[in-house]
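The same chain A turns up in both complexes below, where it pairs with chain B and then with chain C.
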Partner chain A sequence: MPAEALTLENAQDTRFRLTPDALILAIAGIFLLTNTAALALVRGGISPRDIAIVVVWATCALIGRRLLVTRLRQPDVLLFSLAMFLSGWGLVLINRLAAPFAERQTLWLVIAVAGLLLVALTPRTLRLLRSFRYTLLVAGLALLASTIIFGENPSGLPAAPELWLRFGDIYLQPSEPLKIVLVVFLASYLAEQYPALRAEGIDTHLRRIAMSPRVFGPILLMWSLSIVFLVWQRDLGAAILFFAVFTILLYVASGSALIVLSGAALIVFAGLVGYFAFDVVRLRVDVWLHPWPEAGGRAYQIVQSLMAFAAGGPFGQGIGQGLPTFIPVVHSDFAFAAIAEEWGLLGVITLIACIAVLVTRGLKLALFQRGRPFNALLAVGLSAILATQSLLIMGGVLKLVPLTGVTLPFLSYGGSSLVTNFVLVGLLIRISVSEAA
Partner chain B sequence: MSTEIALFLLRLLSGLLLLGLLGALFVLLWREFRASAREVEASRRTYGRIVVLREVNGTMTRTGEVYPLLPITSLGRSPTNSIRIDDSFASGEHAVVTMRNGQWWLEDRQSRNGTMLNGVLVNQPVVVTDGDIIGIGKLRFRLEIES
Partner chain C sequence: MQFTREITRLLAAFIVSLFIVAGAAAYWAVVGPDTILGRDDNPRRVVAEARIRRGAIYDRNGEVLVETVVENDGAVRRNYLYPATASALGYYSLRYGVGGAEAAYDSILRGDTVTRDFGETLVNSLLHRPQEGSDIRVSLDLELQTVIAEAMKGQTGAVVMLDVPSGQILALASVPTFDPNTLDADWETLRSAESQPFFNRALQGSYQPGGTLQTPLMAAALLYNRPLNVPLQPATRPVQIDDLELGCAVRLPEIALSLRESYAFACPFPFAVLGEALGPATLAATLETFGLTRQPTLPGFTAPATAPTPTPEALVIGRDDVIAAAVGQHDLTVSPLQMAMLAAGIVNDGNAPLPYMLLETRAPGASVWEPVQAIRPTSPIATMNTARQLQDLMRYAVANGAAQNAGRPNIDIGGHASLAYAGEGPLSWFIGFTTISARRGVAIAVVLENSADPGLAADIGGTALAVAHGQLQAASANSGA
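Now for the complex of A and B:
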């Protein structure tokens, strides 16, 4: 019922006045323009790259919005506006921090928007995903396995984790698309297994079957497999992310608080084991607990990040006027710290608000999918990816939790990450237009 | 205009844009919240109440039973009624209060002992308003209609 009323209101909006989502897109465009101008002023001259970024971004935004609004019946365009705002901010940030990467990232944005439109505009996306879930899963795991064998690191450092696959000049990170693949697989598997759990008035007999290891066994096996893969690759962030999303989905599907408790206990246990077994984990935890004695050594990155936050103050130093490049690899994992330094608390709050709105809109979509467990679970899973990943990296950069190397969605440098997040938003938009049951 | 002033103005503009975006988000969320609140409100809309009274020593006393007034509220002894009357004077399907064209109507359903409205026997459907008292057997039902 509420869904109908909302969509009706949206329908009126698109015809008669500037809708909030169009307004947000417009603000995003002016924001991009303002900051590019300021950056050019700081550098003492405008480069063709600056103009190209703004033009490409604006084209993507206009075409994307136009197609979504005209081809779909009352889509949730706000999701698209927010994704474009964050990615535009990301482009200007990368242009400021690591200018040579900005062109490539702009190209990736075009691919990402195309991916979003493809997923959102194809009417049968959700059904196709559902019917080819095993194929997708096998393909995803094969990709992951090939990364273990052929993986490389673009930086070429000997100790760096080798998480990328190289195709000529392009590096891909398979763990990024794997996130979506695993959520699709789990959502369809759980939707198939527990229609009884989603129905009202749970039958105790069915519940006993649902809780038996015979049903949970395969998923647990699959998950421990992928987590072993990831720990083997020392990609801690992805491993924690997968496990957290898995726990959330299982909890939403079954409604049993025991799952959350045991999941949390498992994470703590794995953390303790990891601390004594893996050097990477111990380093991260040590640096998190006691960064100051080693401020010039192992904890250099996190200490510089905290300095950046302090330097930012409430309104920031202004783009190009802070010193965030003291933080090693600031353009990927530490994008959040750079935002804090140059846009200040205001920028940080806006960023968090945007991500929070994206996540809550996703969860709200799930609420309106009564009688469609696959859609609901998919929406929950995708939102959970976005939320968990953002929390992990923002908390890590702020020294609230041990640092795990995941990208900040939409803002960090990285093509695989950008495309994955846009496809994720595309799926959410697709779910938002599937007719209410 | 010196570079410093220009940069400061651009910084100011950039900050204002961020604030504007936050504001737009807030307005949007607030509007949606109001819309869904209205929706929930409408689905929970109440029309009024029916308060049960009983005559004790010549005065009307509330028995404590209160029923929601529904667009079709049936009264009678059988358990299928909206308001079940446990009184041997009441028929199985005794009377019904309905809303038609924005007015509330009381109708006797050919009960054995009849239905009273403010002490007068009801022979045909009559319009009732707030404060009217329906009498069935020894029980009295006061209508409290919300406008």
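Now for the complex of A and C:
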């Protein structure tokens, strides 16, 4: 049985018809072009870099879409269009904020699109992932362990968290691909365990399920993994993200709201302990609760970030015409604030809408995986990564939650993050066309 | 379908969270401009401020005094062309703000007062054009400023010159001063300097009036028909106030002098006697009439002078203090601007004009100057008769008295030079005027700190008045022809 058609029409003969995904891709191209032109106007000249970015992006978009549409049966190309739109926006943003980084990010985009196509076009992707889940997990954890030992920080600052592995000139952040590996592993674990989890009953045997090692085993495993991230790596963002995504998966698999409650309780508990035990946690929480007295000191970043939102107003200052570079490391952690200042609330809402559509489409895929719990849970986990990570960083930048240094998917500077997110979308596309395993 | 309920709930939670994020972004976008953007530590304000093209400042004859220069790299620099105008025009610094005329006319110079229509505002904001300010023309005269700066070299003190009858400030100098072009670099040195270069002595200085109160006292003597020409004995005897011994402006042996002569030589003794005879109430009323209890506010300039007499409180003189008050060594302190107003009032036949400096403004891009409209009431300080008699007394003092140094051949100059004592040392005062016809002239006040030489103050005044007189004659010849 083919998956239910998610695109509006049969994708195979859309060459001359404007489907929503093609429309979005076209809009994305126009957006990239006009913004690059506007940036060149502001700077007083166009550089080869500007042209290269547009050409590379357009090539990736056209080839990627063509391959997806021709090689797959009714894939969810809209996911690809949205990923391309956001990553194109990200390229413009990096070109504007930290131009020397834009070339590298453009190269990463090529690798990322290749990665997406690889997982989306390989028919056996999902089965392979499932079969090699332990290998993947071990490899992922080994990478993590090697980061703990050999980790570096590209900035070279002594106090900066060392979350990167260096290969010559290239820095990789293993926690990024590890997100997918863990979701794959958990999805396959829970796909096998969920009938048991559910069979033990929620209403009648509350006490038993609460005590069941099937539930608490993985919870504690993930919790301790998160703690490892926090303690050895001081990577607050990854710690919270892993734990939240895992809690979500477990909740969906078991159907028990108790999971969510106990997960939340554990986060609060870890937060309280972390507050007193780790400087990084205390700093983030202090600055979150009381930024104003320290606006010139520890809270400088967040205060400047809020000012960027205010300065942007409803319509923004226009690309290259705001002053978001007052925010330290704006091109990675605070890309969202830079968008707010230069594209305004309009840009912010567009971005949020794109993420909402991505997440909705991802979760909708999960709903249609009848009889394929692995696919369903995988789609849920991947969507949850996207949503949680976006919410964590957007909420942090807006002072809704304490800042956790995660990237804004597709937009922030960073190769590992970009490739991971594209592979994630590739997997979702693969799920959208997958036959029953 | 498995997981339907859970996935639906999850999706709902995500969507709600995203809405909250959008709501927070909207909150800061809408509320932020009025709150956090106004914070002092918003770097955008500094950047916007740094881009503002402040208007130029012209002197009364259209000479550029201050201009804004846009460097090749787009940086904006404020260029002060003449050191002689520094104390009057003040300074503009991104780091330290504004002072003097730069502060008084800040909103005009910044361009906040320019009315722009909606379309213009929209285009400017879309293209992020820097704000442009209006040019202003002030009443200062570059030539007078330069002459005064030259004459005051090495002194500590102030000079104010007013046009009569308009009240326009022709010159304003406070010495020592600062170089506004290098203000940022010199700030700390200047701020801690003992000579207080940022303190505008002409406007904010509160000086012991001393013998300069003899002019209003003479007005009271005239009012009460005191004889001017009857010799008084002992006229030149010093007056003892606590441990201060006050003498005439020039050293004189113990001789008899008439009241007219005592005024000319600024001898305190007859005025102590006069003050006692008038009584504290009349004395206070006289000083009040002459405007000495009210600090004139030069709108927008530094706050209305100093703290001592901020409220128009009635001057109270106790019976025991009447002598000290009569010789200007009591509570009352005056600023050079006040004394210049008093002199201007005498030249203007008893009506003291309100001093002002701003003449015209020119919007950015405009070619026409817009005159500044304002109602400028004069305050009556004496009758025309009294004022004219005082003018003659002052001419006499220049011809025969302590103010001789102010005299210049063939120029009508009147004045009064006197001494005062402040805690730290003596002060020399000179107030005077020059005229080309009735109620048409220039008034001046000069004060020198730590100087027991009123002749020098008179000389500085005479030099400036002579130049002013030449200008007046040239102007009237031009308008006549």
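Things to note:
Assume the second predicted complex is superposed on the first by the 389 of 437 C-alpha atoms of A that agree within 3 Å, B and C clash if a C-alpha of one lies under 4 Å from a C-alpha of the other, contacts with A are read in each partner's own complex, and residues count from 1 in each chain.
Definition applied: a residue touches a chain if its C-beta (ideal position, glycine included) is under 8 Å from a C-beta of that chain, and two chains touch if they have at least 3 such contacts.
For clarity, every value in this text was computed on a predicted model and none was experimentally measured.
When the shared chain is aligned, no partner comes close enough to touch A:90: not chain B, not chain C.
Measured by the number of chain A residues touched, the leading partner among chain B and chain C is C. By the touch criterion defined above, A:394 reaches chain C but does not reach chain B.
Looking at the shared chain after the overlay, A:321 reaches both chain B and chain C.
Contacts of A:177 after superposition: neither chain B nor chain C is touched.
Judged by the touch definition given at the top, the superposed model places A:343 against chain B, while chain C stays out of reach.
In the overlay built on the shared chain, the residue A:23 is in contact with chain B alone; chain C does not reach it.
Legend: residue contacts after superposition of the two complexes on their common chain; A:64 is shown touching neither chain B nor chain C. In the superposition on chain A, A:35 makes contact with chain B only, while chain C stays out of contact range.
When both complexes are aligned on chain A by C-alpha atoms, chain A residues 318, 321, 344, 349 touch chain B in the first and chain C in the second. Residues of chain B that touch chain A in their complex: 3, 6-8, 10-11, 13-15, 17-22, 24-25, 27-29, 31-32, 35-36, 38-40, 43. By the touch rule above, chain A contacts chain B in their complex via residues 1-2, 5-6, 9, 20-21, 23-24, 27-28, 30-31, 34-35, 37-38, 41-42, 78, 85, 315-316, 318-319, 321, 343-344, 346-347, 349-350, 353-354, 357.
Taken in their complex, chain A has these residues touching chain C: 194, 248, 251-253, 255, 295-296, 303-304, 306-307, 309-314, 317-318, 321, 323, 326, 340, 344-345, 348-349, 352, 355-356, 359-360, 363, 366-368, 370, 373, 376-377, 380, 384, 387, 390-391, 394-395, 398-400. By the touch criterion given at the top, residues 1-8, 10-11, 14-15, 17-18, 20-22, 24-26, 28-33, 35-37, 39, 41-44, 47, 126, 128 of chain C touch chain A in their complex.
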